[in-house]
Each structure stands twice: as C-alpha cells, then as structure tokens.
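The same subunit A turns up in both complexes below, where it pairs with subunit B and then with subunit C.
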Partner chain A sequence: MAGTRPDDERTNLRHAPTEGRYPSHVRELVASKFPIAMYEAGLADGTPAWGHGGFLLLDDLAAGVTYRASRRPDLVSESVLVRVLAPVGGWFSADLLDRMADAADQHGEGLIHLTTGGTIEIYVPRENVMPLVAALNDCGLDVGSTGDDLRGVTACCGPARCDCAIVDATGLATAIGRQFMDEQQYPGFPHKCKTAVAGCANDCIRAVMQKDHTFVGVYRDLPRLDQERLREWIAGGGEMDALMAACPGAAIRFDGQEAVIDGDRCARCMVCINRSPAFRPGRERGVAWVVGGKYGCRGPAGPMVGTVLIPFIPVVDGDYSQVADVFARFLEVWSEHGGIKERVGDFIVRYGTDNILREMGLDPEGGC
Partner chain B sequence: MERQFPAGIMPDFWEMLSPRLRENYGQWVWHEFPAPGVIRHLTAAGEACISVRVQLPPNGYLSAATLRVLARWIRTYAEAGRRTSRQAFELVGVAPDRLADLLDEVRQHGFLVGGTGSALHQIKGCTGFVHCQNAAIDSPGIMKALGDALADEIDACCYPAPLKLSVSGCPNHCGAGVEADIGIVGIFRDPPQLDLQRMAEAPPDFGLLGRWCPGGAIKVKCGPEGRLLTILEDRCIRCTSCVMVAPDSISMGPRRGAAIVVGGRGLTGGRGANLACMAVPYLPAEPPHYPAIIQAVKRLIAAWVTGAKPGERVADYIDRVGLDEFLHQAGARTGS
Partner chain C sequence: MTLTAREQTELLKRADEIGLQLTEEHWGMIEFALAYHRRHGTTCNLRTLVREGGYDKKETYRLFPGNPIKRICYLTGLPMPPEC
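Then we have the complex of A and B:
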C-alpha cells in the first residue's frame, strides 16, 4: 500500500524515497527479483553501480537482447534485458498483460519496464533469454529494437479512441512495422533510427522531437466548420474570442452569426479543432514527413526538433504504399551516405534535404 | 516444428481492442474532462467512451504482480488498456456505473488518478541509477520526490494549462527533459577524465571520438608514441559522448548535479515545436528528498501560475513575458 515502507531484507533502502502519495518504483522493484542492492549501492555512492554493457548475440537473435555490466561484481555480475516491440498506440488487452506477467515471472526477474521510447523491456537472466523470447512469441510479441536498427515503431492512440486522428496512426504504424520487420531485428544502419506516427498535428507523443522519422497526420484543405454547431457551442459558454486569439495565423473572423476561415492565413494546425467541436479536420488527408528529431546531446548538431522533408504524402483509403516507398528510399540513401554513428538529424544537417530528396529520386521543388 | 528466431512478429494493436472500440474506430468527434483523470470521448451518434488515467510509478517500472492488477482492472471495469507516451496507464471504455468503484480501487492500491487537462501530468523520465551506467542523477528518485511534493496538483486541475515535467539522468535525454514544460537534467561539472595508459593499451575509435564531440573539444595528435588525445576544457559541454565511445579510458568526474530547463513545446498550440532552454544551470541533487530541486521547480510553477493567462503553457508564457522576466519572477535568475 502507498505510504508504507517496503519490507525488504536484501538491502538497506535508506537512500531511496519510499513514502508519500506518489506511486513508488521502489515498491515495484522490491516486489520483483530485480537486484535492488545495485540501485541502493548506486544511491549510496552517488554514481550508478552499473557499467557499460552492450548487445548480446544469442542464437539467431541479431537484436533485442542487451546487457549492462556491473561495477559491483560482489552484488551481481551483469543485468540482461530483452526489448520487446510493443503493440502500437500503447494498446494492451488484459490477456496480453497477464501473459507478459507470466512470462516475466517464469523466465525473467518479474519486472517489466515501459520505456520512454515506447518499447517494453523485461529483465531476465542470460540463460533464460531464449525461453522468454519463445514465450513472448507465443503471446504474439517479438524482440528487436536494439543497436543500429530501426527501433520499434510507435504511434499515438489513434482513431480507436481519439477524436482528432486525421490519419489511422495505429494502422499506418503497424503497416510500417510489418513491412520493415527485418530492419527492426537486424541492425545494419549507420545509427539507431526511431520512427513514429502521430495521428494529427497535435503530436501528443512529441514525436517530432524524439524520433528520427515522424509521419504526422495533416489535412490540406480547410477545417470543416459547422455554423449551427458553432452557435450552439457559443450559447453553451464556448469562448469564441479566445479561440480566435489562439489561432496562430489569425485566420478566423466571426460576425456574431457566422465564422469564416481565411485559407491564405490558416496553418492547417489543430487549434480551432481542439477548442470547439464546430471545427473538424478537413477531408483531403495525408501525412507530413518530419525527419531528424533527437533529444540527446550527441553528434555535432546536438538536440534537434525534426524538419519537414515532404509536407504532404497522400493517404487515401488506408493505402500506405506511397509512405512505405519513400521511407524505404530514404533508408537506402542514409545507409549509403550516412557516416558511422551519424543520426538522421546530423545527416540532414550535413547532407542537406535537397540532396537527400534528389538521391531519393524526388524533385526537391516538387514534393510528392 | 522447430522454432525460428527471430520470429518476425509485428504485434497487432487491433487484437488489443474490444469489439465496441473496433466498431467505433474513427467515429469519435469530441472529448471532455468530467473529472480529474477522467476523459469522456463521444461519437456523433452519442456513444461515449470513458477513460481513466492512472499515474504509474516513475519510469514505468511494473512488477509482474502490478501488471496483473492492471489486467484485472481492465477485465473488471473497462474494455482495454494503454500505456501513454508519458508512461502513464489508461483504462479505456470504463463502464459508467463502475467508474466510482474503479477510482476507489485504484486509490486503495496506492496509485493516483489524474494528470489530465490543466493539471500536472505523469512525470516522465529515464531509468537513472536503477539500470543505467551513464546517469549523473537518479531520475526515478527525483520523479518520486517531485510527485510526492506535487501530488495534490495531479488530481486537481489548478493550473492555467497542462504542465509536463520530465527528468533526464544525463544530457543524453532519454528521459525527455528537453521536451517538457519544465525539465530536470543530470549534469556533470568536471571535464571528462582521461586514462591515457588504458587508451594506449586499447585504442578507441579516435575518428568517432572527434566527430561525435558536439563542442569540437577533442583533439587527436599523431606523435612518435602513437595517437595522443587531448580535451579542450573550455569547449567541452560535458555531454558524455566521448565516454560512450571509449568507456574504458574516459570517465566523468565526481562533481554532479541537476540543471533545470524550461519551455519545451510540442506542436499542440500551432506555434511550432521547440526544445526547452536552460533556466537553472546547477542545483545539488540530494537523495532521497532533493530539496533544492523541489524548491526551484515549485518556484517556477508558482511564477507561471501567477502570471499566465488561462490556457497559456509555460513556453507561451515565456514567449510573452520573456525568459529573463520569468526567471526573475521565479527567483531563479542567476545574475552575473
């Protein structure tokens, strides 16, 4: 229960915060077989007790298994984990959660980690890796997404639950994941390559900053506007002045009865759509392709927000072939011209988007 | 038949969805927040879907037992579950007549419901000392301390706009500090330390060391005794890139702490995305309660809450009043 100090005899948890209202990671660690003594040792020393690790090549698995070395061999010798490609959109059924828990208990340390990157990590003793992977395969899951490969493709929750989804983000991400399965399981690129699909330009998953490739659902015509619904919304307390002030292009005019959207000023963002149900996304839909996002202070360009490579790739009736085609072409160009350990962001800074588009066989002036 | 590895399975999200979520796929037209942590999506035909957002422990660490609890909640009260991109968990399709029971049970279990709308959202972060070799500070511990200090602001929508806090244990930012309204980043204060003897015994990739250094601080000279590496301390930004390339012969010095960055912004407001910028360059990180970090974050939040207009995110507030003024209001301006 919250507020109680976990009763753990394996180590002294005096350095770890365990009280208070907020849920505790220590409580989860203690409830598993994870070597929490390593965590406590790190806290006591002011530096992690783990050392550099690497990727394990086991049987035919070229990716998906990684380990940390130990600086405290008196406590543990190493820690191994498998990285699991998650269902996109973060979706889980009760059955899958139960079966993952069983697999983690039976073969692993009984600890599951939902990473910031969108994958799932399960800690496991080295000798149990293959039985764990087999058990995960039986649940419809697989491992990958380590080293210089295409990292697990992720998406926002998509049209299954969201009213803003302009494209089928979860469908598109799963289609990309299927088509580029080998790329997620066999490292061979210059560096890691993260990919996500955001259903609309709200980009709730902040993919344009985290991912090397983001496909963002966009519309090219104007927001659809229901004048009657707008009057109802205002009568119900909707703040039209605030909505007009929030519009980044100042594109909306309102005469007290009807609103007009100025197409030259409209940025095709989601602001009016977020604020009032009278505005809905336009019908001419596709994805904008944003490349080069990365958080870390790595590489000559440091942290970057991605840049638009192609502003509009049409998606009609769930046909994603055009997206997959240009994505494959980019990966080829990057593989050929990217330097060793050069992230996509650093590559586009060095090589230039025009050159990249030309190498991909596209006209930099023309778009898709 | 013998197993093949890798099996090449892309998991199918569709199989995670209930029949009703499949039926209403793409039909949602609006959503509202009837209570903190509760989201209600609506279709044009009037169908409703209630989601409950549960705050998970720092960095999404879940024991198998907790995973089974989440599964039980889905079975008993809802239709499906999902982990959010901020490491929270949502129970989707909660039956309206079971909502109160679910909220009770979640709270009894020691988890918080909240983090929707104009509240403090799930605090996101990296593994820190739990499972990383590179962390300068223990992000999960800081997330827990922040969460405890601000717990009342998770389930009360008392802010002008949503507030997202993220904690990165080091400048590699796996914890996404740079994307947050307010981010905490572990920093190293000393330049990297070289073990030239080990470097001579096991030479690293000198080319990559030079290319990867964002400050251009690494110089490699060729002499009669082989290649000699020097680090220009004034150009070094303490990013740890060189340590990643040569972990055996380069290490970070002992002085560590936290920096606070502010004003990360996604695309939501239609004004473009930008990364957070430096607000407080150094604070001591003292477990288990991290008083200096908590105090600085509270002051930044208070300045924003006092000054911001309704709906104004931290980044938009900074755009309006200026970073210097914001830091002045928060008592965080370091001067000089």
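Then we have the complex of A and C:
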C-alpha cells in the first residue's frame, strides 16, 4: 500500500477494541504498515474508504496481482496484494511461517491476511511485487490465483488430523494443484474458478456452498458397524434412540442387542458415524463431485449451493487420475461454452448438467 | 501477410515502444486476430485465440506478456473485446 500513513490517526479508532487480553485485529493492523487511517475514515464516514477492486497486469507475472482502489487518495493511493499458492489444508511449519513473515516484512507491508476463502494474501507496494514473489519462491511457495483462472485449491485438514476423513483431502487437493498449476497462473477461463476438497460429507470447510468445484470424500458401500462396540457405547450412555431418529433415511433398526442398516434407505452420510464410534465409513471410497457453489449476489442465478455432477469417482490407493481427467474435461467444456464472466454455477443452470456431461464424453445416466 | 507495408512499419514501431521483438510466432497470432476481426467484426478474446487459433495459452503469455489481447490490440489498433 503506497501513500501516507499519518501516525497521529493510528490510535484514534474510537470504537475498535484494542485493550485487554482478547486478540485485537486493530493491534495487528497498527503493528504493521497497514494504513489504519483508511479503516478509521471508513468507520467515520459510514462507508469503507476502499474503492472497487481489480487486477494489475505485470509482464513477469501472467496472473497479475490484485489491487483495491482508494476513495481517499489523500490517505493512500491503492492497496496491492499477492495471493500465495500455499500448502493445502492450512498446514504450515513454524519455519515456513517464519520465512513467509520475513518476506512480508522485507518486501511487503508486514501484514499477512488469512482469508475466509482459505487463501493467504500478502499486501505489498506494487514496486515490490516481483522481489516478494522471488522471496516466496525461495520459501518453496508460488503465487497466482488471480483473475479468470483456477484459484488456489483448498482442502480440509484431512486424515492428517481428522478421524472422519474418508479420502486424503490434502493429498487430492495437492495433486490437483500440481497438475493444474498453469491454470492457476495463466488466466484464460470465462471467470474465476474456485476448487476445494472436503475429506468427508461433513464438509467442515463448507466448500459446497463456496466453491465452483468441490470434491467430497464419500463411501459407496454401507457404514461398517461394530456390534460389540455399539453395545459398549450404549452401556456407556450412548443414546441409540436419538441416533436412529437422527438418521435422515431412517435406515437404522435396533432390536436391543444388534443394529441393522437398511442399504436402500441409507444415504451414505456421516450422521451415525459422527454420533457413535461403532459406525465407521464404508471401505469403497471415492469422491462426489459437486459443482456450482457460489455465494454473494453475482450472476443471474444468485447465491447457489453446489449440484452433484458425478456422485462417485473412485479413489483407490491415492490414484487421483480419474478425478483429474474429468476435471480437465469440465474445464475444457466450460472454456468452450461458458459465457463472458459466467461462473460455473450460472453455467450449469444455463447449459444443464446433462449437456455438460455429454460434452465431457460421459453418459448422464451412467456417471463416471 | 494482410497488412500493407505502411501498416507493418507502424506496427513494428509500436512493438518497439513496448519492448517487443516480433518473431514469426508473434506475427501468427497477430494475423489470426486481424482475420478474426474481419470475419466477426469483433476482436477475439484470449479463449478464442487459444481455442480457434490452436495456440498454447502459456505461450501467448510468453509472447505477449501481461495481457496478450491488450498487447495485440495495442499493436494492431483493433478495439479491445467487450469483456476485457
């Protein structure tokens, strides 16, 4: 961010909490070179002092960088940020965080933004963009995810930390990120395209509501049920009636000794698995592909929860080739038939999932 | 080559201004953009250039850094496509 940062305006945020033990965003902003006067001016006016956003085109960086215009050029002229293609799942060693912080300190504004979308942004004066990129490259990181390209792939923490994970969400997201690296750095799609992997249908990262493409870990057979463990769980206070009532398909019957799952009624969700350790995910595993999630009011279809395009794509022994193959085919179809600035959600509403699947060379009735 | 000698000279002058040394590959894309404009009355966008011209997207960025279509429009005088 270039421009003036009057020090006397830095401590004047009347309504912002800065004292006490609770973390304060204002303390962090003030500790960096962030133009806090812009924040305060926005609060005072009742309208943020930042203007519209856009992209700066750079010869050495095809994706360019994001900038936000200023409504108060007397305070700052603009805000430029670089989006980092970071390790998926939010996994950073302290050492990598240290080196990234050094890069942000040395070349940027000493401020790192962990966004709600799961990406990392570093604010930087436009003249320092390339030195910052070089420093990030030295850390083993890269940049991109700007403009009408494939945005950085995100994921939940997956089996590295979670007991529910059905597929290796971080592994699949990393594989997609690596295979589609150019798509993240060279814009050329109809619109931006956000992608995430959720390790199971719990979808803790709420990807199906936010992302144009979500791969959700699913199982196709029935949940595995350990009767002995179920009895122990009930003896320990587990409420079987509540569990059966929670099952969305009313698929569980219990005779007082053993439970039975009705395969025709079971939705292969995570409800029983979440409630009792006696239920574990089935062994026939893969991903469901959900397309078209987007929030915000842009596009004719408005906010959308994603639609299942393919209910099951097998993932066996970390082989993600089928996922990558159909994903590449979709991107081709969307590039070919997507309208100008048409998000995936609006595209599937206009073009239809059956037509999309046919264009991809798949049978709409048969799936993958 | 569909450009007159004078148009070519003007185009080369503009390329020089922005530090581009035009090669046969550059001229191929420029010719495609001009032909597309003659056929459709609009300038092709990047997706059209890549898809119909058969060019590699990454290569277009290498040849015309920043915004390839903007560069081609600057060199040729073609109008920017509406979405750019």
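For the reader, a short list of remarks on this structure follows.
In this text, the second predicted complex is superposed on the first by the 347 of 368 C-alpha atoms of A that agree within 3 Å, B and C clash if a C-alpha of one lies under 4 Å from a C-alpha of the other, contacts with A are read in each partner's own complex, and residues count from 1 in each chain.
In this text, a residue touches a chain if its C-beta (ideal position, glycine included) is under 8 Å from a C-beta of that chain, and two chains touch if they have at least 3 such contacts.
Being a predicted model, the structure only gives us computed values, none of them experimental.
Contacts of A:190 after superposition on the shared chain: subunit C is touched, whereas subunit B is not. Residue contacts after overlaying the shared chain place A:203 against subunit B, while subunit C stays out of touching range. With both structures placed on the common chain, the touch criterion links A:340 to subunit B and to subunit C.
Of the two partner chains placed by the overlay, only subunit B lies in contact with A:97; subunit C stays clear of it.
In the superposition on chain A, the chain among subunit B and subunit C reaching more residues of subunit A is B. Look at A:59: by the touch rule set out above, it reaches both subunit B and subunit C.
Touch criterion not met for A:365: it reaches neither subunit B nor subunit C.
By the touch criterion defined above, A:182 lies against subunit B and subunit C together after alignment on the C-alpha atoms of chain A. In the three-chain superposition model, subunit A touches both subunit B and subunit C at residues 59-60, 62, 64, 182, 340-341. Put simply, subunit C touches subunit A in their complex at residues 45-47, 50-51, 57-58, 61, 65-67, 70, 82-83.
Subunit B makes touch with subunit A in their complex at residues 3-17, 21-22, 25-26, 28-31, 41-42, 49, 51, 55-68, 70-72, 74-75, 80-85, 87, 92, 108-112, 124-135, 138, 140-141, 143-148, 151, 154, 168, 171-179, 208, 211-212, 214, 237, 239-241, 244, 247, 254, 256, 264, 266-275, 287-289, 310-311.
Those residues of subunit A lying in contact with subunit C across their complex are 57-60, 62, 64, 182, 186-190, 335-336, 340-341.
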